[in-house]
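Two complexes follow with chain A in common, the first pairing it with chain B and the second with chain C.
What follows is the complex of A and B.
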């Protein structure tokens, strides 16, 4: 069912939704940019539709809304443990088609991998309703079409700004509020059909040969292991446990989990001194293989959704898109 | 909704035995029924959590042999019987004990690598008729690093046990090791050419130790003509969950916490960190 909203009507819709949901969207974070006096497009709770940035790609991915950077698992004291609680409100997140595809990737690891679903992930994931923001044209660095992640059917509603009005295709009318506030009209979401760049993901890569490829030495000499590529990535999911105790009573504290990155020092360090992939190039090889080989071997789809955020975030201008292409060409040549 | 697998349970320390200056074995009150080779996530609230292999288990208890090397193990070291540790698990696959039945089992363990196989050895020590024969090769840095001295002595009554140390140090000499074991100086790899192998097809090997030790020990066995499929190893990796989520132990598409820590060498040798 499609609906048309004026800005005022959409804001009334948001106001009604916010009684039961927190609404997150990419919004302009003033002064948070990389350089002085620049802004950053990132996720925050919104109250009006004008706060949503439609014409730029968010620097951070939407995953931080339902898989927080730091998540309290439980509190402890002398009596034992008490589980952390979550906001009783639901969560509505505005995101792109590729981001929704990335949520499906996160679901694979957090819900399907291992003996059971991840309790803390599932707890927030069950609250999540997704509003896909149409992509009317591709941004720089996007390669979603090459990854087959430029479209999605998995959303509650779509939204795009067209000639001053908001058009929405609704699959699951949350509380019947879209129908209540909108004016019925035919709407189908728009997804990009081509990007400014295309990437050919190589199939049948042979790990031993890939690992022996000298390109990792080259990337290793540039990569500074800052981990930005994994932090902005919508499908990266690794985390580390962290215990803290309170200064005024060290017997009380909490166990948290915080995002971790295979690119950063210490990711594989074990007490006693052993560690793996000490070289930055090896770490990059590990990440690239996960994104375009290992994950698919395990779950049937590539982990990378071609959002290009890693390319935008890298301070050393390393491009995953170029790396994938180059690796494919070189490995094909090596095989003759 | 899934159950909360992250909440640990309390386990009372029933006893604590010193193995070396740094290693202690903790007997913990615990009702779980693990498989030999599995591990637990062990924690001290406020300090942290880490994976530790189960070195032995029995009715109502498990044992873990823990070396004081990091923050959590440093905290554990201060605990005494009557104190509590916090556990979740068991995790991982463990050793496929039945594939060793009626075979000639050779166990090669380096340093703390003896801990995860201790329960395998005890299993067959209690049921020696299940094996054709058993050789236990162990290697430690110095005589002062030898673990499970009493057990080595006990096992040597039934199986052939060899203990080698990399070097003698000023405080230790080989006399500290039970007399019933064959004692040498040198690397564990040097013991392998001398292992008597009456029938190559019947040999099954378990190798556990530091990565370099496992690599070269496996090579020695391959040199003796063993098939890769006849060798098992156990990996050690950083892990934050044990549940296939945190990503720390991933190698290629394999999660050590799920598909391991025990791997057949045919697979293990293809895993590239």
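What follows is the complex of A and C.
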């Protein structure tokens, strides 16, 4: 079912939705860019549709809204523990088709990759409803079409801004509010059919020959292991645990889960001081192989959704898309 | 030939080693020049000078080898230059067609600032222009410089007033992943103001100099930029007797306070200058009045803002060039 909204009508819709949901969307965070007097497009709670940034890609991915950077799991003292309480409200998140595909990747790791689902992920994930933002044109670093992630059917509603009005295709009306505030009209979401760049993912990579490839030495000399590529990635899911004992009363404390990155020192530290992949090039190889080979071997789809955020974020201008292409070319040459 | 050398020099023309030739000094406040003004410089150098231009240490131009008789004509040609770089930013020039009305107070220089540089914590050119508006035209020999971060690429420490950008870093512990990039970097390239406590970062405000390195290094946006502030260093100088680095006077001062301070400097000079000399450099005035008088008069009417701190004393690093002690 499709609906048309004026800005005022959409804002009334948001107001109604906000009674039971927190609504998150990419917004312009003034002055929050890395450099002085620069802004950043990032996720924040919104109350007005005008605050949603449609014409730029968000720097950070939407995953932080339902998979927080820091999540308190439980509190403990000498007698026992109590689980952290989650917000009663649900979550509605505005995101792109590729981002929704990335949520599906996260679901695979967090819900399907073991004997039981990740409880703390699931309790927030169950609250999530997704509103796909149409992509009317591709951004610079996008390569979703190559990854087959440019489209999705998995959304409650779609939204795009067209000639001053907001058009939504609604698959699952939330509390009937879209129908209540909108004007019925035929709408189908728009997704890009081509990107400015395309990559050909090599499908027959062999770890041993990939590991022997000298490109990792080159990348190792460029990469500074800052972890930005993983932090902005919508499908990276690694985390670590932190047990905190409160300063004033060390018998009480909390366990929290915090994002981790395979690119950053300490990720593979083991008891006895052993650790793997000390070299930055090796770390990058590990990440790239996970994104375009290992994940698919296990789950049938590539982990990388081609959003290109890692390309945008890398301070050393390392491009994952370019790296994938190089691997593909070398594979073709080796076979030829 | 008869010329009034004092008037000529005040008009930003030099007395040079060549008896018949002068040299024109052009100001570029903040060091940023619209290139549409370059053809004018070229025209003056080719028509009246020797076809060359000198790029000064103070981010201006000097057009050498111009016969004195052309000064009046060139002053008229300069109008677009003065309009664009002085009048348009708010400098009051009563008669732009007569050239520069003063030359003692030198061009306000600035590093490239956050128009380009990743380290700069603010727009240095914009502040330099605001300062120019307050201090020019003026005769006392004063040098002011503005730099975007504590790296001090523009060498504000060699100036009477040096302004160094500071940013208050804001920390969102929720976004921090304990990668420690900020902590390691602060210890290596800045002041070691950061440490890890319970997997999150603690900032020692008494050590933090507001360089913004933590924000630059943070991959998650846990560190972001808060307010823009300024460290003010004063009375640095080169010179024959006692070259020295400017000493910290204020930190975490607000923009308005900095501008007011520049204004007050002229009252201080006016009150204490030794008029028996052709010109006296303000640093030597400070040597005579002492810091308490300087501080009181510089801060007169200045709203420093809640974060600002004033130095208890001026900690100059320099040397007295006492040849007898040093070399005999």
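Rule of thumb we're sticking to: the second predicted complex is superposed on the first by the 336 of 336 C-alpha atoms of A that agree within 3 Å, B and C clash if a C-alpha of one lies under 4 Å from a C-alpha of the other, contacts with A are read in each partner's own complex, and residues count from 1 in each chain.
Heads up, the rule we're going with is that a contact is a pair of C-beta atoms (placed from the backbone, for glycine too) under 8 Å apart; a residue touches a chain by one contact, two chains touch by 3 or more.
The structure displayed is predicted, hence computed values, not measured ones.
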Task = Could you tell me whether chain B and chain C fit or clash when both sit on chain A in the superposition?
result = fit
Ask   = Now for A:231: first (chain B), second (chain C), both, or neither, which partner does it touch?
value = second
Ask   = Which of the two partners, first being chain B and second being chain C, lies in contact with A:69: first, second, both, or neither?
value = second
Request  = Measure off the angle at the C-alpha centre of chain A toward the C-alpha centres of chain B and chain C in the combined model, and quote it in steps of 10°.
outcome  = 110
Message = Which partner chains sit in contact with A:116 here, chain B, chain C, both or neither? Use first/second/both/neither.
response = first
Remark   = The chain contacting more residues of chain A, comparing chain B with chain C, is B
Inquiry  = Between chain B and chain C, whom does A:103 touch in the aligned arrangement: first, second, both, or neither?
reply    = neither
Request  = Identify the partner contact of A:251: answer first if only chain B is touched, second if only chain C is, both if each is, neither if none is.
outcome  = first
Message = Contacts for A:36 in the overlay, against chain B (first) and chain C (second): which applies, first, second, both or neither?
response = second
Ask   = Between chain B (first) and chain C (second), which, if any, makes contact with A:260: first, second, both or neither?
value = both
Request  = Look at A:157 in the shared chain and tell me whether it touches chain B only, chain C only, both, or neither; answer first, second, both or neither.
outcome  = neither
Task = Once the two structures sit on chain A together, report how near the CA atoms of chain B get to those of chain C, whole Å.
result = 9
Note = Dual-contact residues of chain A (chain B, chain C) 240, 242, 244, 260
Inquiry  = List the residues on chain B that touch chain A in their complex, please.
reply    = 1-8, 10, 43-50, 67, 69-73, 210-211, 236-238, 240-241, 243-248, 250, 252-253, 255, 257-258, 270, 272-273
Key: Footprint of chain A on chain C - complex, ascending   = 114, 118, 120-123, 148, 165, 167, 173-181, 198-199, 212, 215-222, 224-225, 228
Key: Parts of chain A lying in touch with chain B, wherever the complex brings them together   = 73-74, 76, 80-81, 83, 109-110, 113-123, 126, 207-208, 211, 237-245, 250-251, 253, 255, 257, 260, 262, 267-274, 276-277, 282, 286, 289-290, 293-295, 297-298
Query = Which of the residues in chain A come into contact with chain C in the complex?
reply = 31-32, 34-37, 40, 42, 60, 68-70, 226-228, 231, 240, 242, 244, 247, 258-261, 264-265, 313
